[in-house]
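Chain nomenclature is as follows: A, B, C and D, assigned in order of appearance, with residue numbering initiated at 1 for each chain independently.
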Amino acid sequence: MAARVARDIDNGAYVNLGIGLPTLVANHLPPDREIILHTENGLLGMGPAPAAGDEDPDLINAGKQPVTALPGASYFHHADSFAMMRGGHLDCCVLGGYQVSVAGDLANWHTGARDAIPAVGGAMDLAIGAKSVYVIMEHQTRNGESKIVERCTYPVTGLACVNRIYTDLAVIDVTPVGLVVIDMVAGLAFTELQRLSGVPMRDAMAAGPAE
Amino acid sequence: MAARVARDIDNGAYVNLGIGLPTLVANHLPPDREIILHTENGLLGMGPAPAAGDEDPDLINAGKQPVTALPGASYFHHADSFAMMRGGHLDCCVLGGYQVSVAGDLANWHTGARDAIPAVGGAMDLAIGAKSVYVIMEHQTRNGESKIVERCTYPVTGLACVNRIYTDLAVIDVTPVGLVVIDMVAGLAFTELQRLSGVPMRDAMAAGPAE
Amino acid sequence: MIDKTFACAADAVADIHDGATVMIGGFGTAGMPSELIDALIARGARELTIVNNNAGNGDTGVAALLKAKRVRKIICSFPRQVDSHVFDALYRAGEIELELVPQGNLAERIRATGAGIGAFYTRTGYGTLLAEGKETRMIDGRHYVLEHPIHADFALIKARYGDRWGNLVYRKTARNFGPLMAAAARCAIAQVHEIVALGELDPESVVTPGIFVRRVVEIPAPSGAAVAAPPVESHR
Amino acid sequence: MIDKTFACAADAVADIHDGATVMIGGFGTAGMPSELIDALIARGARELTIVNNNAGNGDTGVAALLKAKRVRKIICSFPRQVDSHVFDALYRAGEIELELVPQGNLAERIRATGAGIGAFYTRTGYGTLLAEGKETRMIDGRHYVLEHPIHADFALIKARYGDRWGNLVYRKTARNFGPLMAAAARCAIAQVHEIVALGELDPESVVTPGIFVRRVVEIPAPSGAAVAAPPVESHR
């Protein structure tokens, strides 16, 4: 999934990769493109993890893992960092997700379970701020329920904010006319994908021009 | 007047001196006190004018005159500079004035004349933002009218914002119980000062404890 | 590879269109991007709305743009200056619209655009002519006025150093509105004294991260130019 | 002469009182002022309200303050972490109040205090649990939520260099909330790796001008300390 997302990120793009699965996208960015990574704790031009022994506790990413800074990097405080997110300056962010709805609502910060300790971080800022919001998640829960839903049952992170969903089965655009499948893993039939999904989708490859 | 204001500024104070007459206060600051001057165009730790020939067009004060930067100075952009003013961080500002009212309303940016071109700059930000707002002005207009008034007839800069008035005749505190004269030029009788003023004032030196 | 550098000022402003809102950096002449303004005049765009702290000094820079009759409206805090004769004449002739904004509100309204703030409450201006007709609110016993962001199509700013990613470092009090306007405009164009190799700017000292800048043009500082002391400001 | 330097952390926090609201810098442990926090624990103030991005990592710093039962309420964006066991236990036991704030709102609400903004409209959080009960408004066709400043009596922050005027320069991503909290708190206290002579800091590179800082304490960085990689963050 991470590799598939990386292919869709343009040269020159400013990108924020969320904690967890999205972080892996960094390992797959095409070497012929210059893509500038933003981490909301105050660094633009984030580089890969340092060599063992070179970790600097003052140089970390949003997941609090040690990182490096590339030539051309800059440091800034949190208000400036979130201005980049909230002011619409990021071309793209990649977030994890519990659920995405047909309308593009995202749930990714809180299971809503009574004993859960909630934590939100910058997820809500990224959801409303980035020009394109990509969500990367398994197509189904471990119990076999679709994570793509008619309406989110978990507490939402943002409304109508998701542009594209990358799952282990397909790539799906959220459009004004509904969910459109633009790519599927090799060997998967659209009808099978539809059966595993909680909501109707259309097949961009099979369908004619959008209505 | 400028020298009299300078005497009232404490060691360690952060001070903004307005354009014009207030700028002269800098020449009278007591040498045994360290007072940090702020200029709203983006410098804290402003020093005196440079020697002739050393002017730098990128290093100016709010009046666009060349200045210097002292050791310990810092440069910042306008939002940060005005955060210092609007966020209540300046201990004191010294402004010129057309009129000050009994309630401490200040008029200093616009004569209200029909053909006047208005200009406000940072006056309204200083008026509401500094912990103490000192106004330095002639006691009367050239026509012999008091500039201390019951209500401002010129458009106001801020309401109830002035703490103290320095004129060529007296130093007057704006207090909840009205204007209180705390100093007068040598040889001036209070009754004469009162005659030259547009509103009743009380004599702090003559009066007993405040009611 | 990312390369935001442009060969010349004319190329950098070539798409500024009639009716555009253009933020122009500078406080008086400190930080004023004069060569970009000259290129904008040569470009010929008309009916512009200009956002600048002042309204031109002398006959160059913003004043030259006004003199060429390219400006429909100016949003600024301090138009009247000892050397603002170009603006003064246009204003008295009714040939330019003025939106006068307290300087701190000007800065904060520009910042709000870059930071995605929809509107904010400020004490500045409450009870004055400049807040007439604006919504007010009492918060914790104090009066505030609701102010909205100022949006712009382009920003023309000036810095000391830049690199191909658009990172900028300014010089002394010429910094003023540059960082705010860069973040606020849809397309920020910077003229810099020197373009340096990527990595030469200390990441701790970059003032405007490149994400806010689309175009960088090198315009060397006039070498050995006589530095004339600017005229003294009129009384505020 | 101005001298904001203090001899030791204990002196610098000696007047932090019971019930105070204390902002504490840091994102996880980067920028966390551990020695100031230890001094605050030794000082003994209780019933504190703490503002921090997280709610403690491991058993030191903010976690130690929580463990000592000095904190009534915490305002933060990301309490749940792999090593937040101190907070987790207190929270589940109902012994600490949590105000969860989206990280950008946390930063902007802290900035608002320092900048004198009475309240502001933000898109972040609209339609979510974290905006429940808050005023909303449609501006230019988009939904916004009204957010208010977070005020504080004290801020404890960490920087790399400081001087006797209180000017601060930070280090890498340890900068995070420091500049915002310094400007927001009535009394900002900074621990710095090194206090340098006035004038040694480049005025172009000072991040927090001294006007925002009341007290500076030198706490050298641990020399030759092994730099352990922090634990990996849980999925957001």
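Assorted remarks:
As a working rule, a residue touches a chain if its C-beta (ideal position, glycine included) is under 8 Å from a C-beta of that chain, and two chains touch if they have at least 3 such contacts.
Model, not experiment: these values are computed from the prediction.
Each step here moves to a touching chain, and the least such steps from chain B to chain C number 1. Touch-path distance (fewest steps) from chain B to chain D is 1. By number of C-beta pairs in contact, A-D leads over the other of A-D and A-C. If you average the CA atoms of chain A and of chain D, the two centres end up 28 Å from each other. Between the Cα centres of chain C and chain D there is a gap of 33 Å. Computed centre separation for the pair chain A/chain C is 35 angstrom, with centres defined by C-alpha atoms. Between the Cα centres of chain A and chain B there is a gap of 54 Å. The set of chain D residues touching two or more other chains comprises 108, 111, 115-117, 122-123, 170-172, 204. In chain B, the residues touching two or more other chains are 69, 75-76, 79, 82, 85-86, 129.
Chains touching one another form the pairs A-C, A-D, B-C, B-D, C-D.
Residues 11-12, 14, 34, 36, 38, 44-45, 69-76, 79-80, 82-90, 129 of chain B are the ones touching chain D in the complex. By the touch rule above, chain C contacts chain D in their complex via residues 108, 112, 115-123, 137, 139-140, 142, 144, 148, 169-172, 202, 204-205. Partner chain C is touched in their complex by these residues of chain B: 18-21, 39-43, 55-60, 62-66, 69, 75-79, 81-82, 85-86, 95-96, 108-110, 115, 117-125, 128-129, 155-159. Chain C meets chain A in the complex at residues 1-2, 111, 113-117, 163-165, 167, 183, 198-199, 201, 203-204, 206, 209-212.
For chain D in complex with chain A, the touching residues are 27-31, 53, 77-81, 84, 87-88, 91-92, 100-108, 110-111, 122-130, 143, 170-180, 207, 227-236.
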